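Order of writing sets the labels: A, B and C. Residues in every chain begin at 1.
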């Protein structure tokens, strides 16, 4: 029996080493391959950076358009998901209505588990539908992607709002009632500010998720070469999609290097957002754990 | 005066909350409705039989999606097979088999892994895993079932570990001090007390991991080869439903091809619903016990 | 302080702190065989920490630092508890502990008694069942549970659970028994059972008991050690002169 336990111990240690090796291996590999290409040329190619950013000068050889596209989609997704998610989360946590809340909760869980390609398919179906009925020349674009992406990250926003409000000590609500506040006043003036950091953490998490997803944008407007989008209904480039196309069909070592560079940029972005969300969540817990 | 103004603001807030809830519910409904609407042509038995075949050759009239369904299932199950034992090992390490300092760091690292975009995993897979397989087995291009399974396993590992961890945390506090005082080793405690009592958590982790693997698009798309066939071996190519949707949308084709997309979408939607129902069922009896 | 061959537990200059906060400072005393030693003191005086120091259970808590020494006499040999060669798991199997609140394992009643025997002492089958029935009889539970051994231990009442925990510890046939307020969360009938059992065992099984009850201390103690703020503040022995008055004086300062 002793050998059994020893084998188990070895197994656990071996398993524990795998993620360590994996993560470090991944980061080191990306750095090794992409380090050389990091720099302003990665983003802007031959175009001077300031022109590219402020005067929308076309960039031929850099990932700036992809970065811009990602920023735009993420921004639109945030605009959709944050208010919607915030209010829905408040509703679910503070105004439970028995059966209805149960159904809504199930819907949120369903949305949370939905494969992102389905979201993209939904967007695509929406365009098909519009083409056949109201708007014959409807096409995919930034707005559609933003909307679908917003739906994708909505559950994250709802759940983190719910969790933050739910984690507040009961005394706060009693305090509100004691002061003569109505329910919505308690929420607005006491609960939301107190849960602020947790909610912010949810916001950051949602943004991170929106920035990295590829499947949704693939079906709703991201393309390999579009330059900067002129309007909300234009196709656009995006970082994750760029990374995918490089892996699928790169044609030159420079392009490959750009791919590695883009991967590094995206990874840094999502890791940074993750750490920020984690830090905010931690700060919130620290504040209320003593209660 | 302030009171009434604030009251009005209050009722606006209530309205905002209620409407947001309504919109969310409506969104889920809308997704389902759109999928159903575009899948309506499936109700024709002839079309249905065309789609439920094993032959996908759109230019020759073959629109069978069954290879993709099989592909998704095989891939998800194999990823689960790889990821689950490793997750158990990691969780046990974090709960007594390893020293407490490194154990805490390990959990933080696993949590951190969730921040890596799947497209980056796919990208690294294309340039590290695929050539590795190509060299090691000297058959095929390296884009195969095995490559995608490994990639997916890495992707779902944190999901499973964190689910198991939260399950262990339910049992550990009661049991750890008692078992230690009795003279049990951490291995005995984990193998004979913690894990046998975590059946529900294990089931939930399996279901969650399976759902996550089934729903991913980028790793199957980038690593599995995308041949619309049922693979004969681990080194052969396959196509998942998610990848199928991404590929077919990109090519302008006839309407039966598009229909296959919605058929796949419907299947994926249904399986997500089943996964969720399963998780709900697993959760409920625990509340009764308490 | 006599460090004769007689002492069962010998504590010297024991200092324990958790994350730089001192729980025990320079504790010195002995536990003799054939004696039931009771530790008394206000909450926070370090009684539980002291108990846990003997079977090295303090190490399960974060930031624990222990200095000083404890030696125990097990199987005719003296063992240095904190020596690096000492295996804590083996130590804990021979020094039994009962906690304040009942902590049955989340398994059936009979497995609570059979599993530790199997895993810690390698005893299974018929012999383990014999031991199980014997200890259940000792704590007065056998009649109450013999028809429902396979039910979860959590279905028992608080007092029954605590008696089960005591039985479980006894099943491992420990050579020293450490009890941390064993009747604190238990009904009156169970208190009686437990106290009677302890008195019966005391001549053959050295015990160190933490108690919060004046009556219990009076009933059980052959020797009383008073703790205050992590230090030993007084001792009393039943064999001392002026036993009654000294005892009352000691206890009045505590309770």
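We take it that a contact is a pair of C-beta atoms (placed from the backbone, for glycine too) under 8 Å apart; a residue touches a chain by one contact, two chains touch by 3 or more.
The shown structure was predicted, so the numbers you read here are calculated from the model rather than taken from an experiment.
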If every chain is a node and each touching pair gets an edge, what shape is that graph: line, ring, star, complete or other? line
Would you mind checking which chain's mean C-alpha position lies nearest the centre of all protein C-alpha atoms? B
Subunit A and subunit C have mean C-alpha positions lying a whole-number Å distance apart equal to 55
I'd like the Å distance between the centres of subunit B and subunit C, where a centre is the mean of that chain's Cα atoms. 50
Which whole number of Å gives the spacing of the CA centres of subunit A and subunit B? 17
Could you list the positions in subunit B whose residues touch two or more of the other chains? 185, 188
Multi-chain contacts in subunit A, i.e. residues touching at least two other chains, fall at none
Mind pulling up the subunit B residues that touch subunit A in the complex? 6-7, 9-11, 13-14, 16-21, 23-25, 27-28, 30-31, 34-35, 37-38, 85-90, 92-94, 97-98, 102, 106, 109-124, 126-128, 154, 157, 185, 187-188, 191, 211, 214-218, 221-222, 242, 245-246, 249-250, 261-262, 265, 268-269, 272-273, 275-276, 279-280
Can you check the complex and tell me which residues of subunit B touch subunit C? 100, 171, 174-185, 188, 192-193, 196-197
Where on subunit C does subunit B make contact in their complex? 55, 57, 60, 62, 89-94, 97, 99, 103, 105-107, 115-116, 119-120, 168-169, 172
Which positions of subunit A touch subunit B when the two form their complex? 5, 8-9, 11-16, 18-20, 22-23, 26, 29-30, 33, 83-88, 90-92, 94-95, 103-104, 106-111, 113-122, 124-126, 128-129, 151, 154, 158, 182-185, 187-188, 208, 212-215, 218-219, 240, 243-244, 246-248, 259, 263, 266-267, 270-271, 273-274, 278
